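Next come two complexes built around subunit A: one with subunit B, the other with subunit C.
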Partner chain A sequence: MISSTRLLGISFERRRTRRWAVALYWFWVLVFSGLFLRHQAREGLGSVDLMLLVFSVVNLSALLGGVRSGGPVKPFHGIHWAPLADDSDRLQSLFRGPRSLSIAGNMMAPEIDLDERDAALRDRIHFVAYTLCRWLALLLFGIYAALSIFNAGWLVRVSPLFFFLLALTLWSLPQSIILWNEPDVVEAEA
Partner chain B sequence: MRAELVLMGKRIDMAPRGRRRALVIVIYAAIAALMTAMWFLDHWRSTGTYVLWAAFLACYIFLGGMRNSGLVKPFSNKPPKTYDGPPPFLLLQLRTYLPIPGEGSDYLNDERELNQRGYAHYKAYQVLGLAVVVILSVALFRMHNPEWFQWIPMTPDTLYYGLLLATLVLFFTLPQVILLWTEPDMEPTVEFAEER
Partner chain C sequence: MIRTRIFGISLETRRARRLFVAGFWLAEAVMLAVLFQFPMPLEIAHGKLLPLVIVLAVASNLPLYLGGFSTGGAVKYYEGRRFQLKPETVARLSAKPKHARLVNRLLTEMRPVDEREAQLRDWAYHRAHRLLFWMLYPGAVVYLAVAAISLSLVARLGFVLLEFFLIASMSLPQSLLLWTLPEDEPQIGESL
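Showing the complex of A and B:
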């Protein structure tokens, strides 16, 4: 389930590296959410903030792979576009040499179709992630209901953060679980 | 997945896919009607949770997936909890199917069912992932350009509350619904096969 593609020059074949990446990712998500809430409470939401948020939800989770090709996790559903893949030929053709006609072809990640074992693992992990997200949604609903009783004025400002957290978790959790649990690639092959 | 449902002491043959699809439509229509009614009653302020309870009840009696009752076997694949007390009052009144704990392995999913469970959750996950992003976009755009949404006769917090409620209902029911909707016609139980 782990792609052999190197992302930004980093290999994700070792589990330790992957766990650091996952921890860093979620730390960044928490920091980003906190900053968002603080900024929104003080100054409201501007056009730039709006674009940044949509950009974050769509692209941040893609860093882990799964929803898009080119990340450490193989794409879940036949997506072959890999803009962040570490492809030296492509970089060379972009910045040094003349542009190749096959540049679009280079952006296609190779060997990313899931075999039977990968598909079964993907489905099993989604079952676990679904269960966790369901509890998160229930928790958010409880907090929302409590806020509506005790401090209804806050609801209008806080509620987009709820959906932001839920969306980012939904889009990132299966990949995170896979990256955290899969053994080292060499060890697994042995 | 079970091919029959017992309600009010009457056994209902659910082997044909058409019946299962009709059941799904009726359940979602009932929940939608309940949400609409609760909106007119008090804008979901105190009645919003009733919608959630309705979803739980639908899973408990019809859809299954959570406990060892309903059409879909429990997703957890664990044996039902045993207790010495009498059966729950609700099940007694509705006279639903309640397998005796410890008898047989009716709760167990075989390998094919486990694969189906995983795939249904994968599909449901995709649907909910997209739905939440759409809801988030609505929330953000409403915050940024409130005048665009003046035609909606709801305050923002009520709208978000309703959307969160609908998301939760989907969270609790969608995998079971996908399974019931996509599973082809099943073999009927012996009694129903003889009747046919």
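Showing the complex of A and C:
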């Protein structure tokens, strides 16, 4: 389930590297949430903040792969778009060098689907991630209701973050679990 | 993986199951519409707290009847129970035919999911996961847009949206299973 794509020159074949990447990712989400909360408490919620939250959900989680190709986790639904599959000359002229060609490999490849093992793993991990998200939704709802009773002023400040965290967790938790648990690629192939 | 009857409603045919799922979501939509009418924040709801709690309790407990993550619902409990009844206890409880059917149903529910059921469950959760995100993301965008424009609506909208996501997170996989499983799906209570 781990792709051989390198992200920022870093290979994700070793589990230790992946665990550091996942820890860093979620640490950054926490820091971002804290900074956002602080900014919102001082200056309120503007349209720029809105756009930042909306785009962050998609782009942050895309770093981990899964929901798109090119990340450390293989795309969950395979690759079904090969725009230059029949035009290898153009591909060669556009992409020169071994690194570029490996990126372009996705554009040439015919439909690639996950094998049976990867598909079963993907589904099983989604079961776990969904269950965790359900508990997160319950927790956030409880906090929202409590704030609504005891401190309505904080409610308006904190609630945009709730939706951001819920959406981001939903979209990136499966990849995080896969990256954390999958064995080293060399071990698996052996 | 599907219970034969729930509250006297037969779930043997796919049509019946689909009507059951549609009825569930209609009931939830009505609950959420009622919830939206309550004033927010709750500190100003005063005397309306009891009706609010009742509506909330009903809306949040309805998904239990779909089953899956809870026992007794339309879909078999996913995890299965960890304790086993002794054979002599089973024999004693099954002495009467009427009790034997109940015991058989109980034993089926207590059996952990087999490989096929686990695959179905995981498939449903995967699909539900994507569906939930594509419901949550536009909902969150609408909420954030409202938060930037009108603070008076934002508390109520946030409350209802979060409750909707909670209900959806509890019931989407089971809804998908009930909607898509064929009629010849083995039912809870059938002999193993």
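Throughout what follows, the second predicted complex is superposed on the first by the 156 of 190 C-alpha atoms of A that agree within 3 Å, B and C clash if a C-alpha of one lies under 4 Å from a C-alpha of the other, contacts with A are read in each partner's own complex, and residues count from 1 in each chain.
As a working rule, a contact is a pair of C-beta atoms (placed from the backbone, for glycine too) under 8 Å apart; a residue touches a chain by one contact, two chains touch by 3 or more.
This structure is a prediction, so every number in the text was calculated from the model and none was measured.
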Combined model on subunit A where subunit B meets subunit C, clash or fit: clash
Partner chain(s) touched by A:W26 [first = subunit B, second = subunit C, both, neither]: neither
Contacts of A:F150 with subunit B and subunit C, given as first, second, both or neither: second
Shared subunit A contacts, counted only where both subunit B and subunit C touch the same residue: 45-47, 50, 53-54, 57, 76, 120, 122-124, 126-127, 129-130, 133-134, 137-138, 140-141, 144-145, 148, 152, 155-156, 159-160, 162-164, 166-167, 170-171, 174
Subunit A partner contacts - residues on subunit B that touch it in the complex: 45, 48-49, 52, 75, 115, 117-119, 121-122, 124-126, 128-129, 132-133, 135-137, 139-141, 143-144, 155-157, 160-161, 164-165, 167-168, 171-172, 175
Complex interface listing, subunit A residues touching subunit B: 44-47, 50, 53-54, 57-58, 76-77, 120, 122-124, 126-127, 129-130, 133-134, 137-138, 140-141, 144-145, 148, 152, 155-156, 159-160, 162-164, 166-167, 170-171, 174
Residues on subunit C engaged by subunit A in the complex (per definition of touch): 40-43, 69, 118-119, 121-123, 125-126, 128-129, 132-133, 136-137, 139-141, 143-145, 147-148, 151, 154-155, 158-159, 161-163, 165-166, 169-170, 173
Subunit C-facing residues of subunit A, complex: 45-47, 49-50, 53-54, 57, 76, 120, 122-124, 126-127, 129-131, 133-134, 137-138, 140-141, 144-145, 147-150, 152, 155-156, 159-160, 162-164, 166-167, 170-171, 174
